[in-house]
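The letters A, B, C and D name the chains in turn, as written, and every chain counts its residues from 1.
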Amino acid sequence: MFFASDNAGPVHPQIMDRLSAANADYAMPYGKDPIMDEVRDSIRTAFEAPEAAVYLVATGTAANVLALACYTQPWQTIFCAKPAHINEDECNAPEFYSGAAKLTVIDTDDKMTPAALRAAIEKQTPGNVHGAQRGPVSITQVTERGSVHSLEELHALTAVAKEFDLPVHLDGARFANAMVALGCTAAEMTWKSGVDVVSFGGTKNGCMGVEAVVFFDPAKAWEFELRRKRGAHLFSKHRFLSAQMAGYMQDDLWITSAEQANANAAYLAEGLRKAGAEFLHEPQANMIFARWPRAVHRKMHEAGAKYYLWNGPLDGDENELVAARLVCDWSASREGIDAFLSHF
Amino acid sequence: MFFASDNAGPVHPQIMDRLSAANADYAMPYGKDPIMDEVRDSIRTAFEAPEAAVYLVATGTAANVLALACYTQPWQTIFCAKPAHINEDECNAPEFYSGAAKLTVIDTDDKMTPAALRAAIEKQTPGNVHGAQRGPVSITQVTERGSVHSLEELHALTAVAKEFDLPVHLDGARFANAMVALGCTAAEMTWKSGVDVVSFGGTKNGCMGVEAVVFFDPAKAWEFELRRKRGAHLFSKHRFLSAQMAGYMQDDLWITSAEQANANAAYLAEGLRKAGAEFLHEPQANMIFARWPRAVHRKMHEAGAKYYLWNGPLDGDENELVAARLVCDWSASREGIDAFLSHF
Amino acid sequence: MFFASDNAGPVHPQIMDRLSAANADYAMPYGKDPIMDEVRDSIRTAFEAPEAAVYLVATGTAANVLALACYTQPWQTIFCAKPAHINEDECNAPEFYSGAAKLTVIDTDDKMTPAALRAAIEKQTPGNVHGAQRGPVSITQVTERGSVHSLEELHALTAVAKEFDLPVHLDGARFANAMVALGCTAAEMTWKSGVDVVSFGGTKNGCMGVEAVVFFDPAKAWEFELRRKRGAHLFSKHRFLSAQMAGYMQDDLWITSAEQANANAAYLAEGLRKAGAEFLHEPQANMIFARWPRAVHRKMHEAGAKYYLWNGPLDGDENELVAARLVCDWSASREGIDAFLSHF
Amino acid sequence: MFFASDNAGPVHPQIMDRLSAANADYAMPYGKDPIMDEVRDSIRTAFEAPEAAVYLVATGTAANVLALACYTQPWQTIFCAKPAHINEDECNAPEFYSGAAKLTVIDTDDKMTPAALRAAIEKQTPGNVHGAQRGPVSITQVTERGSVHSLEELHALTAVAKEFDLPVHLDGARFANAMVALGCTAAEMTWKSGVDVVSFGGTKNGCMGVEAVVFFDPAKAWEFELRRKRGAHLFSKHRFLSAQMAGYMQDDLWITSAEQANANAAYLAEGLRKAGAEFLHEPQANMIFARWPRAVHRKMHEAGAKYYLWNGPLDGDENELVAARLVCDWSASREGIDAFLSHF
């Protein structure tokens, strides 16, 4: 009954096995390990991007802010939706890594619209030395509210960015969950949709702590390496990042694991729906935002369920509907879900 | 025959076991895992510092620069020896994390002397708004040249710092190797010697990628947490950092592992000495700087030995003495050392 | 017919005279000149703040960002209204000087309401390491839209800040214009209203290029001096900043000059009203936002009038109402205003 | 008897006149004033550089750090001599403006030698992600010790920089004094000698507070404008910077003023020599470093003379030789110098 986050579950056994296998003898440090060669190849293949520059870091915030920093000048502004992780959950790391650039936050509960993005960009007049200059656009897929941009929606947003010659970053902390939900390829959801650099998440989908940064244009490769080292994110025993990512890519674990997570969430959503819960958004990947009476929340919490109440305390009117955020990872068991639902 | 660095060896089985054991079920993310409670207790006990604030990060550079940033204002200068890791091997990360402070580099081949430190501090006149202001003193133990400050030497350096009311940071990437070499306690080598904050290394001594930052005065705790998050160094699946450090502290593995590494280096040094190598410094912990004829280096490299040539290329006069840096970790085998020595 | 900005007018003769008078012999550099003693005294007297720390810089942006930086940690967010100069007109200087802090922009066309400020502050949960931490509140007086906060409005905003223990900065680029409009004292509009530090503008009100930063609590004095030097804003021939500010304070020129500017704007507004212009806001100090037919704008521009069209180009439907921003300084002549109005 | 610094003297009347003349009517702000066009033309002519990008700021530190920031990445290191203003007198402003780059300080009492510069550059191995990367070379002319690089010396230093493809910055706070001492042209001392960007000083040579930054390759122009604004160094009433610089360039005042300053220093040096002073360096421009008995220093100080004791207090052994730094500007009078010398 743990639905607090997909960042709190166990590591997939296939990845643990790769870690053990990597733990033999010596390996060259700092990314020169041979497993990294395997990783680079498998990610390039997965993204149909034979020239892509591929790097590993240990946290999703590191992936986001290092990727963005390569495309942001300190006098620019990054365009993103209000709930974006880079805006609400990274304690000014994007500002820190970009050398004190600004975020222009597009006011929305979930996705940006192309019109709102265009309006925000147009407001920053080019050639006006007084205002922040236009910088990259960052899109989150799966969004922080659990919804998934369709390929059309992605295209529409990146088309606006391209019209103004702005680079596009995709925060893919839940990349595989979105891809599986859309039934598309990694290429379609990135460079074929106008994305220049992606934070390709592993941690939330069965890894221990690894994310890839994939640049479709390798021109930024050396700058990234310098920024990663300067940010203290270059691992000496890098092979253990490589091994995780190798295990994640091996036999499409990244895909099957996301399928399992999404299926778990769908099963949970179906149960909630039957029990009468109201959905804030229709769940599309592995996150659910729904509300039901406070009295039921109390029973669930007393029984040890873990999840976030989204807009209200546990104390108050018994009958009031209180929203919850529930996240499933690959490891959530049907028994746990059933036990949780039994409290309705 | 791998002596390139102690950051390229395998993880100790006891630590791998703790990682596996930690991989059950869910654990609260971001350092709220119960294993972190065990870690905090064991480090406080090891350092005889029941109030210490203890945090984990994944790289030695992160430990150094986050620790220093908590004690450095952007208009200050950090005092350190020229070969310090923070000066030569961190690609401006100390400058980045401190908000663009300066490093005042004390010109030395290895250790700072108290007199040189004092001269450097005195040169920065207090109240002179034009110059950098005096900031923390950072000491490396084991030094980057493989030598170990005696407790008297440490005291003498920190006494200078204290005289000017400056905080002291200890870069202990090889903390246990130094402690074992001195035969002292962790407390004696830190707060009893005037150290305020220590980077307590794990990675080079048998861990996968974990370092602790230990503040003897917990006043900086919350600032550290914010700096760590803002630097993108807070792990969501933090229990896997905790598990490494728990395994490292368990049954004094950190000590026995360092004893093994130092003993391996002593064995290697003894063999080199018998073979006629000249030592640049007398080896004290697990690093050796010595020179012997280039022709021998060539044979060793052809046989697959891995180590750094310190001051010259592999090509050149056969008889010229060329220096090498050799580092042993806990896992170096006597067979490997013997095989290496057989090339003399 | 120049109403583009109060930053484009001439320097008042009284200030030019002080510059000439200061230009004799030698004076100690870097703020040690005796004229600075006069300035400090006169500003402390004007603000009824005998302990205040008083410093001079040459630009309004420097005053704002250096003042704010003294109250902002890099992991905090500064709360301000959307049109604030620090948000829209300083090219990320606040982010730069604060070490990469964030601005939380309160969505409004002009003033923040206390409720909106409270909501923005409350959204940043204390103790949540993932989000930006709560930082200072910055209020602009006169606002960038030409309106003036009443003392009650100022109190209401600072009361919210104080409730959360947040410091308050006042961007007073047009400080005197607001004070004269309110008919209050400098103390009433600052520390008696809960303001901790003020950017006290001189440049727009008859100086050449000087602004004072006034800290009512002198605890930040030395930090400010270091930040000013590090920002490259400490003048060697500082006496020429001092002389300007001395001339500005002398015989209440700062007040009479603002009275003149406000009276000029009132005269212009009266003429515009009679001519049929519509006001976006009721003008309160020396700025006017009003609209009238495009055909009239064209005539004015052809006749050489200088001012900003606020929301539309000069080309288009002749009868459409187009808004303009008009600013008067102390030097605007009635003849110029009459000439301008004659084009209606 | 004021020889403390050339930054403490009066403004030349020709420049005051230009300030008064500029103070009529309105002028477009932020560098769009027509006087700036005159300035740009006159500096381009003086430097025989018709394409140069020319900008004005108010302080020498601003000129240095903004110029350098345009050529420095945050992971690079700037090479300079130990006594350089950017190293010793700018309170970490170069680090701040470059986004936390490092300074590699070449240990010398005065000028760098080409060999020392080369050694420092070579120590930073290209492609080594752990160390700082090679960045610009900054040369000070006149040096902080009052000596002047010959054109051959300049060439030799810039040739080393060029060999490694590194840009060259010239800190010309006393540019005209050096040029006059060498009897060369501005072009010969800059782009013809391999300099890419120069801080062209005005303040110390008769201006109130203005320095030009001259880029011989205009590719950095827009970046400079953004960095200047973001650094809060863009003046709204910019015409008063322009007017100073226009007055400075007019009728070669910058040259005649420097000739006067150098001649004053030569006259003073001659007097000192006759009185028996020992020179630390042979004076070449407008600065003198010399020593004489402490008893004489005391008499001079008692008589009101102002200058810096260079290496010792005023109190101590009467007969000990104590060094002094003496600086003359254009306005130093022969009477003052004679009065000063009379105390020997």
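Observations on the model:
Criterion: a contact is a pair of C-beta atoms (placed from the backbone, for glycine too) under 8 Å apart; a residue touches a chain by one contact, two chains touch by 3 or more.
These numbers come from a predicted model, not from an experiment.
Of the two chain pairs shown, A-C and A-B, the one joined by more C-beta contacts is A-B. With every chain reduced to the mean of its CA atoms, the largest distance from subunit C is reached by B.
Centroids of subunit A and subunit B (each the mean of its C-alpha atoms) stand 34 Å apart.
One finds 51 Å separating the Cα centroids of subunit A and subunit D. A straight line joining the Cα centres of subunit A and subunit C is 42 Å long. Residue positions 74-75, 90-92, 96, 99, 129-130, 133, 226, 229-230, 234 of subunit D each touch two or more of the other chains.
The touching residues of subunit D, when paired with subunit C in their complex, are 2, 4-5, 7-11, 16, 19-20, 23-29, 57-62, 65-66, 90-93, 96-97, 203-204, 208-209, 226, 229-237, 240, 306. Contacts from subunit A toward subunit D in the complex involve residues 30, 73-75, 99, 129-130, 133, 225-227, 229-230, 234.
The residues of subunit C lying in touch with subunit A in their complex are 74-77, 88-92, 95-96, 98-103, 105, 107, 129-133.
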